[in-house]
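Mind looking over this structure? Questions follow.
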């Protein structure tokens, strides 16, 4: 159903433009205990996604996401390339062939992304990575939807959970990624990837009603 | 006459200690349009003079000055090594064998130093070097003495002339030495070597009466 | 930020182009994959050696492509591991029937990109093995970290396998040699200043005028601890105090000693450090058999240095001695 | 000031000691005269080549002592020409019956020290000639200045006479070659930051965050003018705009192109500059026959670079191509 594809395009475009706009902010976040390239990597990668936008296959949402994943993998380096590429790849694979995507399908797809990231990164919730924002965010999305809230309100709930969880990572000690080298010195600042997830979810929540509801 | 040698020793020691004490100041002066090593060079050289102090031949004032010249030449590099070495060499040669040194002899010796510097540096009064303080200072010393002033007052007159002339170099454009590379940008700051001559002459004038008059 | 750049986004491509223009007869540049490779690679009679890693560590690794060293380097952006595609395409393009050896400094992003590329290349039928380098003693190796980082010591692994590959050694033999060299190589670094990534435009972290960072990473990651500036003698004591007991190096050992500049430190200061380290080691009965003083693996314009020790044996020493002709020419 | 030093006064001796410890078989260090000389010098069948100059320009010249280059270097303190005694004693110690060639960068202090030392050595019966190097186009040569400065282009003179001396060339022949190379060599430099001499402890001059100094000297002397920061393309235009018309270099010329780092600039940026310069020259019909990218003549930790062009002919090119084994080892 084309309205599913529209929504997928809206979500990806929002992610892409938000990453491009936040290049400096994300980079500064990664400077605290990282190497400062996180914003640059995402911005260059999603810039390319936007450039290639019209050429992506649009058979269905899943196929579209797979093409986005390939574009990301071909341009984003660092840790983020494989991590974000895997996330889109898994979501795409999960949704491939589905015509009519419900919130439950999205939750399943995102859970698949999370599993992919864990495997790719040899990491888990609790290691102070973007997983620590993404996992609770997906849980919140599911709960809100199950409680009968509208899609827009469910996305809002997801954003709120992402923000809370992302901020909470500042109390954690990093056990994966570059920040883990800093040991105890990683405590006190939030994880760049987790905060990026919060920013993206918030942007989706803010702009959700500016478009046709699913 | 040992009182001549005493005076010579007093003068050299005053020069040496003043150069060591002003290492930083002289270096900063040479940073403006130079390379900042003037203070370091003089300080290391005169430090060595003070270390070797007791070993210098003391047959007469001239011999003593020649030994000081050799010590300087063996340790001071840059432009200052040859320039200051030549100055002491010429003065020593001039005074060698003299037992009883009058102010007139000192003027002759200093004039010989000035000629030596000019030859060694291929430079002249007006090129914005230490010559622009030294030459008028020696003239003032001679005039004051000829006018019947005491040695102490003559030295005071020399110091005053050196200071005035040194400050005046800030209006000049450098035509010799490293400062000449700066062309017109050398105008506006006084020459480091000229100011050093003024500082040394002033210190001599200030301390002159603290010792046995000649 | 004052650098010799036009556009931060063109930093890496313009640098690679410069390298290629300076070495027209020996190197080929493939802009699409940030790839610099030897003009005579791949060869049927030689394992192809490829190293990736982020940019900003020059001369590592793009300037160490050449006879006796790497066949190719396909760096990512500044401090970012190459996209997996670059590694995969490079591997495909330069595959030799004798195989491909991927040299990887042990970082999360690099590991993932090379793992994925290896899997994909193997699916294409290419014989590929990967060797991870992790010489940095400043990071503890535990299940709660991603393990030690690969830093300037990667030079010795690269040099040894490069020399062996030139003589026709098989892929498994190169793995053996590389692992052996890596296992006897230890490094630690100290930063005097932070580096400034071109796209960030300001220093990556703040170091006060009297502060230094001990155990710093080559991406400006914080190290073991921050300390007050100390004289060169004490710096060497800090570095040797961490590096020597780690292997441990012991009296009677013959070692290679590298003092590596991090980009903004002049070679005069590196030789001051070298002299102190050489004498301290001699006092412990450790003989410096080979020495390396200069820039091997930098962190952009960071003022700082690292010290690497390699325990030598006849095999390693011979491989380090073998001639190499690399793209970066100093004299 | 954060540097790897113990004591500013020991900067030069400790560096020289490090160099000597790193090259025990090939170099000899005589602390009394800051002297580093080849272990196999002097030789009866080879003119001895000695270069002085102040310290702070490393690798020039103490790290360029070796086969095919210098026989000895006897530097002064940081940025200070050596005391005359150092030059005189070095000349005496290393005198060859074929003569001694003194290479001198054209500065007042250096000229005087070497002139005096030459006079004294000649009085001792040593055959000595002196060659002045003055490749810096940023300084006007007039009766009102001391003439142009010797900067990074001194490398080419040193390399050419070093190669010729190794083949047994006579002193007069070396003078001819050196003067010829100097006459076709032109350099100009740009500073992004000031350098910090160890004994001063603070930057030698003030450059604002967006300012650069065009035509800077290698002792941090001010240059032609101060300008706002500009992109690498424009920097190269400035440098070529001064260097090319000066000789002039013209369409059809074959040149050596050197991009020399001033101490605090990473080699990545130098290759960016190289690529731009190479292409700009090609567009003017000037072919880069040989290239040199790296640090040859620095100014302590100054961030900056200089560009040197040498017009090649067969003789010069062959001498530049000849092998040399110098103390500074990068790979």
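Every chain is named by a letter (A, B, C and D) in the order it is written, and numbering of its residues begins at 1.
In the analysis below, contacts are C-beta pairs under 8 Å (C-beta built on N, C-alpha and C of every residue); 3 or more make two chains touch, one makes a residue touch a chain.
All of these numbers come straight from a predicted model, not from anything done at the bench.
Note on connectivity: the fewest chain-to-chain touch steps from subunit A to subunit B number 3.
Under the contact definition, subunit B and subunit D share no contacting chain.
The most distant chain from subunit C is B, comparing centres defined as mean Cα coordinates. Per-chain CA centroids place subunit A at a distance of 55 Å from subunit D.
Averaged C-alpha coordinates give centres for subunit C and subunit D that are 29 Å from one another. The distance from the centre of subunit A to the centre of subunit C, with each centre set as the mean of the Cα atoms, comes to 32 Å. Among all residues of subunit C, none touch two or more other chains. Contact with two or more other chains is made by no residue of subunit A.
Taken pairwise by the contact criterion, the protein chains link up end to end in a single open path, with no chain closing the loop.
By the definition given earlier, chain contacts exist for A-C, B-D, C-D. Of all residues in subunit C, only 2-7, 11, 14-15, 17-22, 55-56, 58-59, 63-64, 69, 192-193, 209-210, 212, 229, 231-233, 235, 263-276, 278-279, 288, 291-296, 298, 300-301, 303, 305, 324, 326, 328-331 touch subunit D in the complex they form. Against subunit B, in their complex, subunit D makes its touches with residues 9, 54, 76-86, 107-109, 112-113, 116, 139-140, 144-146, 149, 197, 199-200, 204-205, 217, 219-222.
Put simply, subunit B touches subunit D in their complex at residues 27-28, 31, 33-37, 40-41, 44, 73-83, 85, 120-121, 175-178, 180-183, 185.
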